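Here is the structure we will look at.
The first chain written gets the first letter, and so on, giving A, B, C and D; residue counts start at 1 in each chain.
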Amino acid sequence: MKSPHEHRVRVRYGETDQMGVVHHANYLHYMEDGRTRFLEELGLSYAELERTGCGLPVRRAQLRFLRGAGYDEELVVTTTVAGMRAASVTFGYVIRGADGERVATGEIELACVDLASERKPRPLPGELVELLRPWVAAGEA
Amino acid sequence: MKSPHEHRVRVRYGETDQMGVVHHANYLHYMEDGRTRFLEELGLSYAELERTGCGLPVRRAQLRFLRGAGYDEELVVTTTVAGMRAASVTFGYVIRGADGERVATGEIELACVDLASERKPRPLPGELVELLRPWVAAGEA
Amino acid sequence: MKSPHEHRVRVRYGETDQMGVVHHANYLHYMEDGRTRFLEELGLSYAELERTGCGLPVRRAQLRFLRGAGYDEELVVTTTVAGMRAASVTFGYVIRGADGERVATGEIELACVDLASERKPRPLPGELVELLRPWVAAGEA
Amino acid sequence: MKSPHEHRVRVRYGETDQMGVVHHANYLHYMEDGRTRFLEELGLSYAELERTGCGLPVRRAQLRFLRGAGYDEELVVTTTVAGMRAASVTFGYVIRGADGERVATGEIELACVDLASERKPRPLPGELVELLRPWVAAGEA
């Protein structure tokens, strides 16, 4: 297991709500950004993967919101690989605020599907498995 | 010209921002809802239209924001046909708050494109032209 | 335990993504709508509650996505009370598509906080507890 | 007039719609990001400005959409000052795609308001006027 991937995101005005903090739904976008950049850094473009007919829709999400994050705050999204199976992969997330405190944590499971045949389940592409295997948390692979 | 179409929408929590009112970008969604329901009432499903390969992407938008709208407020979106050309149609909008006051107004021009051939411009489908013609503002058709 | 609350929502164009179905983050907005309407039907306005200084931010969300939902599809959001504690309440959700099939399910825990004092935890207002108690799933209250 | 400010933004998955390109409402968020970073580079934090009780809500937007932008595409948002009055400022925008082609253009007028007294109009703060004056397009100041 290697050191986790970090992605920085600045909170947009339109992502806050009238409570004065980020609306909780937006964390799913930040996490999506996190895994996209993580895969990109490993050399895999998710956009390219979809063009080959392979999609990774979200099947399950578990989220905890620990404190509010403010407009324009720079958040750090840490992405790890929490687990991998034949036809799915689960990413783990910790999002920290400008003060280093945890703002939100999560686990997102993506199913691998065939975009050409009505999103039928299919095994993860071998290339993706090879790239992610070294990152799977110890005892999980 | 007939009496305009009205669509009611309740402001969602996540549509407000930290100023305590609807974030301006959301009015484009409300207006999109307005024209979808308008077309539906005329007997035309935009979802169905796209399945025939014809799309109506937004090409131009002119928006004015007159006062803030609050969380949970019921807004009334009035949609009219401001103009129609061979390959585009322009909808006009007035959005009023619970007190009847104008919250936002707009004009949205949609281009007609062929979804199968890289969104190349094409004439509006005859069926759409027939349905909208009676609604075009006087002196505009 | 009474029969659950149902709220109908039509999928907006801007809520779909390039996979041709609703982007998963939007289900959090649909669920938020569901509990707002549920409370409203019980006679409690969440907007009003916030004006008294009491907020209910989301603390935890567990979501499962079972099939994609399409543009313009009418979804039925069923909201139940999955549990209630001194300072938090958990809503349960089943979202069904136009065909009656389950599209997504979830559980959302809201913490009760004092909006005036930096969102410090506080007990649920007595009025809210009284309204929700009859709806708590058997054996959970 | 100086050379314009550039801000780079990557298109998120959830910002695309089923037409396979960025949903038009999202350009308003990109433009908001553009002016926030522009002001920041000039030494003014919009978040800080709001804490002093001065807000800049959008009063008017004029947008043109020239071609679609794809998922994960890096867009360049160029922000200029199109005009300034006693109680409002107008920003101009050109958004270009990865190929340098124009994707969207716009003009956004912000009104200056007093957040403490129901968003009543007020003059732009002197500090903001001083910072923006050198950037106002020739013949516009």
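Things to note:
Please note the rule applied: a contact is a pair of C-beta atoms (placed from the backbone, for glycine too) under 8 Å apart; a residue touches a chain by one contact, two chains touch by 3 or more.
These figures come from a predicted structure and were not determined experimentally.
More inter-chain C-beta contacts link the pair B-D than the other of B-C and B-D. Of all chains, the one whose CA centroid is most distant from that of chain B is A.
Separation between the centroids of chain B and chain C, computed from CA atoms only, is 29 Å. Averaged Cα coordinates give chain B a centre that lies 24 Å from the centre of chain D. Along chain B, residues 13-14, 18-19, 21, 25, 28-29, 50, 71 each make contact with two or more other chains. By the touch criterion given at the top, residues 10, 12-14, 28-29, 32-33, 36, 45-47, 50, 70-72 of chain B touch chain C in their complex. Chain C meets chain D in the complex at residues 13-14, 16-21, 23, 25, 71.
Those residues of chain D lying in contact with chain B across their complex are 18-19, 21, 24-26, 28-29, 50, 55, 57-65, 68, 115, 119.
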